[in-house]
Every structure is written in structure tokens, then in C-alpha cells.
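These notes concern the structure reproduced below.
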């Protein structure tokens, strides 16, 4: 079974040299720690930046330089700034090669729910709906089951959707699954996880 | 459209003489003065900024003091408790928000859950494009964002090349309030780093746009290739001190 | 009867201080010579410029600095440059206060034809259709009649339209007419032109 | 969307080391090399430039030499006789043009009137917005431009707030060829004065975009607030000498 960092490290293997990538908040943010040697990616921030650098040194925080999580960051050599309509033009227009996002639920047809739990506090979808609709490849990183042990990899999502048929690959603490014709296909098992364990923890149809 | 005979141009000397005083007409002494005559209960305001980054602090404060009520505000966020647009929540001046994310604001949640405040969630990119479209004379555009979600409910659907899209409307606001870094007296504005964000599309969608900046420089001081928001979009300008509060101060340690 | 320069001078009276204005090719270009004292306007060029300055001095022509007529020009103090989609965003979005354009025909309902004569060489509409659709106020400057003496101010245009119900005011060598409910209203007669002469030269309905 | 724990970032030393060589991958030695593998008879190309201002001279020349045929080209103009895109008319490589104005070109007229060349007139702003929309994932937008004219024939009409608009489609081209002033090795481009024009929207609508510039500078040399076309839009870059021909040389005399 993978921990948060191992999941992030596995997700980092999805990245290819030269790609422009958007990383969501949570485990996806950790992915930037595991980018493989020789692979250079440029990180996009929805609020109008290509080329997110590391957090600033203490005392060098700039209120005019934040990421989409509202954290202070720095620029890189190749950084460019632009406005929000331009930022989402490149997202919607398919210029971003990959988004790695967290999820509450994923369904076997690629449906994704990650923004709203009815009856609970609703904070808004932010840029998530635009990202899943526009980015070329969507990879979800999440725990396979919830705290009650119930599968989050479902036949159909029960929560309000963020996007319909948008997820390409799911990376969980139990392994890696691809969304294919008819259901999900097991790509890889996490260390020490058997195929049976993965199947048992998965409500969705597993094919192939 | 045909070739035109070479013609002399307008009197250059005259142009130079009048320029300084004419463009000075956009510059106002304070946020309150700049807002004079533009505020009305029930009006629709588009506000720039993302989180607390690049928000029009001075104009928000002046609208608070003016007490204008029943506002509909299109803004990606609604500030935080007691700062930014949060000030207008405290004073119950906002009737409705059009936003993509409101997670930083407990008072917002309280008013929303109690039914005191209307909230229209827009995906962030849809909101930015609705502003840009409204400013560009585009009353509607199709997008894949939100297809198959609650966002698509009640909206026109149309297929293009075998894929389904929904129709989103351009937004035109009665007033746009935005925050730039530097402006010249003719209203050309440049922004700094990620503080540009929603300020450009918000400015464009306003029937009237007021821009507050950290510094107003004489016309001619800015490189015309560096202008992010041409003066045509900016009707009134003010200069002032900004708190520029940081929402999430994240840092790393210097390596030895 | 007004000559080209007098028509341009009369058109210049339409301008108000602080306006952003687009001037078409031909007589409208001459308008910039007659901008009244104390009135400052910023001229927009569709190819991506606000603040068109005079022609450059000989030897100072810049191939990267032209107007929509492809003539070398200069910048002014308040000039800004932008791309074509941004340029037409401000045109279509009604940010330009006035366009002063030439015409082949104008109709009493404000229809304008100025881009195409079927059977003759067709060069294209350029930005004319966008301008008449988007700009707040459209003023046409043209000769009242064609070379054969036939009225160009018509009940209905015979040429393919540039825009439908788009013209607000017509300035010709014979006078000034406004497009109003039911037809055209005479605003002003050119020097030495009688109302009868203007009416005779006008096919369109004159009201009021 | 929730607040996130502070996390270290990727190894900064590694980033710096790899950066130079990685971004160099966008830089090609010549227009012919940059076009290698991308040309195909019958393809759709979007080209930047307005008149002869800011046109991708080197790429046009290389496409001419490559002999690619049956091209559909979206470009505001089609050069002049024997220069700019006019070169591809001479060699009969163009099947169809999508343009707003073609008045500067006698050979164009000859081929068009003889039926050798297809021509789709687009209003200039509609063409620019179609490119911008295509690049922004917007398959269609409504505009008032052309309502009631031949341009509106066969297009969907829709009323918004009592006014009629027509639906125009976003354009996505197989290849965009554009010309900038300076670029850094990561593909960030800045333009000079009115040479920006259609180059930005054309670049955005290309599945692949090649940009030729007058100067390529090391990544990090350009101010990130001055970038007109972020590197994400630019896949291949070349540097070269440009003739930059002037179409209408208009001047005034120096006053004594």
C-alpha cells in the first residue's frame, strides 16, 4: 500500500519532459517533489502564471505572487504572467498536457466528483471544472476508500459531478487504474497489494 | 479601403499642448471622489482580484462608507472575514455574489446558509470568460466546462463536431472596480505578477471602470508595448496606499 | 456645397473631448486635420493601436508601425499596442465612441453599403463590418450623389450591406442628415445649398 | 481546494541545471528544419501578420520551397504580388484563403476570378476572434458583426436581450506560423508595436505553432510581465533575418 508520498511519486512518473502541467491542491501538490531526473515540466497556476517556483525564502514573500491555492510562491526563469481569461483560455484550449487532481469519487466511465458534498459546506468549484473539461489528460490521485472503508472508485458517482467522462487514469493507495471501454483496467498494483485486494476495494467494473 | 492620398496630420503642437491637461481628467483625488455619481442601490459591480491578491481595497472601502445596498458582485472570491469584499458582507451591502470559490470566509457561509445572501457559482474559467466576452461584445459563447454537471442545468446545449457544449452568457457590469500597479494619466495600466488575474477581464466588462493603482505616472512614461489594459477601458483613476495582505504565507528556509 | 475638406471639417465637429475614435480611409482620414481646439481624441487603428500619431519624418519610417491602411505612422504619448483579437474586442464591445466612415450607399433605415460592388473587383470588408456593428455611433461621410448624379442616400440599399440599421448620421457635400424614426431628418444644409436641392438629391424619405 | 500543509518544493538545483538544455529543444536551426515533419498537402495553416507587417517571411519561404500543395490558409491578407503569402499564390500552393481583405494582390484577384482559388471572406474582427476562440477551446460565439449581410447567410441566428446575433465558429489550424520580435529559449515571445496584430490569435489556434523571431535570448532575459505570447503556445522557434518590407511609405517633412 502506498502512502501519500508514494502516491505522489507514482503520479510524477506520468510527467513527460517539456510538458506544461497543472497540479491540484493536496497530494497533487506533492508531485512536484518527485519529478524524475531529466524531466522538466512547467507548472501552470490558474490565477495567471506559467512556471511556478518554490516557496519564497522567509522575508521574501511577495503579496503579488501567489499560486491558485493563495500561497506565496516564486517565479522561475521561464515564468510568464497573464490574466485569468488568458489563463483559462489555455486550459480550455487544451494547451495544458496534464492535470493531476484530487477527488472525492471517480466512476468507471471517467466521471469525477471533487467539489461538493450536498448538505455540507460548499466552497465552490474554483477552476476544477474548467481543468477537467479542457486539459488533455486528467490523472486523479486519491485514497481508494473513504474513512468508513467504502470504495471511492464507483460504478457511478453519487456526489454532484465536476466533469463527465473526464478522468483518464486513477492513482490510489492501492494501485493504478485506467478508464477504458466498459470500465477500469488495472495498470499496476501498489507495493504489497494483491489484485484481489484491489478488486475488493473497487466498486467499479474492472475489465481486461 | 482603397489606397489614400498622403495627407497632413492634425496639428502636432496642439496635440502636445492639450494632452497633459486632457488626460488628467481621468485622475481623481480619492476613491470616494472617483465613485461620485456612479453608485446606486441594486447595481451590478464586477471586481478584480484573486483571493486577496490584486483586490481594489480602496474602492471597496469607499463603497462600504457610501453604504450602497443590494449589490450584485461578480468576483472570483469574496475576500476574507473583515477584509476585501468581506467588509461589504459584514455591512450586509451585498445581495448576490457571482463567484467560483468562497471558502475563505466564515461570514459568507453564515449569510449564504441562512438565506440572507444569494450565490451563483461559476466555474473560474467560465467567470473570467464571461467577463471578457461581455467586454468584447459577445453575448454568448459555448464551452465544455460544466457539461453534465449542475452548472449545465437550464442552459442551452449544442453539439459541435460530435461534442456537447453549453452556452454561457457574457457579463456586462454597471461598474468595474479593479486594482493595477502603475497607470499613466491617460488610463493605460500595467499589473504586477499574479496581481493581474481577474482585473483585466473585470475592467473590460464594466460600462464604467475605476482603477486604483499604487502609482500614477505621466502619460508617455510607460512603454506602449508593456500596457496590459489600454486606457480606453479605464474611465477613472486613483492612486493610493494598499495594505496588500497575504492570505497564505508559505516560505522555505534558506539552505546553509 | 462642401468640398472634401469642408466635409471633413464638419465631421470633426462630431468629436467630443476624451473620445476614442476610429476613422476610415478616404475623407474620414482628413477629419484628423480639423479636430477643434480643446478637443482631444485618441484614434484607434484596427490592426492593434490606440493613439495614432502623424506620419513619420522621412527616413524614420518603421515597418513595425503602420495603421489599418498599411501606411507608416508614429505613436503618441498615450499610445498602447495590442493584438487583433483585443483590438476588435474593444470595437465589438462598444468601447469606441464613434466611427467616421466612407460609404457607397446609405439607406433611410441606417443600412450601410461600403464594401462590395457585385461584378466588380471585391477587395473584402476588412474591419468595416465589425466597426459598424460595434462602435457606439456611426457617422458616414460621402458625396450625396454618384458621378451619374444619382442619389446615394436611398430608400433601400441596392449593394450588399456592410451593416443593417447601423448609421446614425450622414454628412455629405450637401448637408447633414440624421437617421430617425420613419426616415432621415435634415440637420444642416451645406453652404449655398437649399433645402429643395438637398431633397431633390435624396431618394430616401425625409421626415420632420 | 482546502488549505494545504506547507510542503517542500522540487529540487531547485536540478531545476536550474536542466532548464537551459531542455528549453533549447524548441530552438531549430532554420525554417526548413522547424517545419520538418509538419507539412502535408491539403493542410490548414493560420498565419500571423497584417498586410506585410509582422508576417512570417522565413516560414512562408520555406513552405514555398517545400512545395506543399492544396493549402487552406487563414490570414487577414494574402501578402502582395510576389512577397509574403503572395509567393505561395505564384506557385499555386494555396487552394483556399480565409481573409478579410485581399486588395493588394493582382495575382490573387486573377486566380480568384478564374476560379483557381477559393476565398472565404471573414470580417476582420470575426477572423481574429475565431482564431482566439479556437485556441481557447470555444467552438462557437455569437457576434453582431455581419448580421443582415451576406456574412450571416446560412449561419445560426439567436436573440439576446432583444438583439440578433450570429454564431461564428472557432478555428483550429493544423499549423500556425507567426513572427515575433524577441523570444526566449522557452518560447516566450514579445512583439514590437503593430507587428503584434494577428500573430497572437494565429499562434493560439494552431495545434502546432512555429514562431520566427529577430532574436532569441536566453530564458530568464525577458521580464515575465512583458510576455505577449507565453511559451506554452510556441512549439518551435527560429531566429533569422527579416526583410520587413513597407507597403505604404507615408512620411511628412521636417519643419524648419
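All chains are identified by letter, namely A, B, C and D, in their written order; residue positions are counted from 1 within each chain.
Keep in mind that, in the parts below, contacts are C-beta pairs under 8 Å (C-beta built on N, C-alpha and C of every residue); 3 or more make two chains touch, one makes a residue touch a chain.
If you want to know which protein each chain is, UniProt gives these names: A, C = 3-oxoacid CoA-transferase subunit B.
Just so it is clear, the structure is predicted and the values come from calculations on it, not from any experiment.
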item: Between A-D and A-B, the pair joined by more C-beta contacts; value: A-B
item: Chain centre separation in whole Å, for subunit D relative to subunit B (CA means); value: 29
item: Between subunit D and subunit A, distance of the C-alpha-averaged centres to the nearest whole Å; value: 32
item: Between subunit A and subunit C, centroid-to-centroid distance (C-alpha), Å; value: 53
item: Overlap residues in subunit C, where contacts from two or more other chains coincide; value: 54-55, 69, 71, 75, 81-82, 88-89, 91-92, 123-124, 126, 128, 133-134
item: Residue list for subunit B, restricted to those that touch at least two other chains; value: 1-3, 6, 8-9, 101, 103, 129, 132, 136-138, 143-144, 191-193, 196, 224-225, 228, 248, 250-252
item: Chain pairs in mutual contact under the definition given at the outset; value: A-B, A-D, B-C, B-D, C-D
item: Residues of subunit A that touch subunit D when the two form their complex; value: 17-18, 20, 25-26, 29-30, 32-35, 37-38, 40, 42, 44, 50-51, 53-55, 69, 71, 75-82, 88-96, 115, 123-124, 126, 128, 133-134
item: Parts of subunit B lying in touch with subunit A, wherever the complex brings them together; value: 50-54, 76, 99-104, 109, 121, 123-126, 128-129, 131-132, 143-151, 181, 191-201, 228, 244-254
item: Touch list for subunit D against partner subunit A, complex; value: 1-4, 6-10, 12, 14-16, 18-19, 22-23, 25, 132, 134-138, 184, 186, 188, 204, 219-220, 224-225, 227, 230-233
item: Contacting residues of subunit A [partner subunit B, same complex]; value: 45-49, 54-67, 69-73, 75, 81-85, 87-89, 91-92, 111, 121-130, 133-134, 160-165
item: Interface residues, subunit D side, partner subunit B - complex; value: 1-3, 6, 8-9, 101, 103, 129, 133, 136-144, 158, 160-161, 163, 165, 169, 190-193, 196, 224-226, 228, 248, 250-252
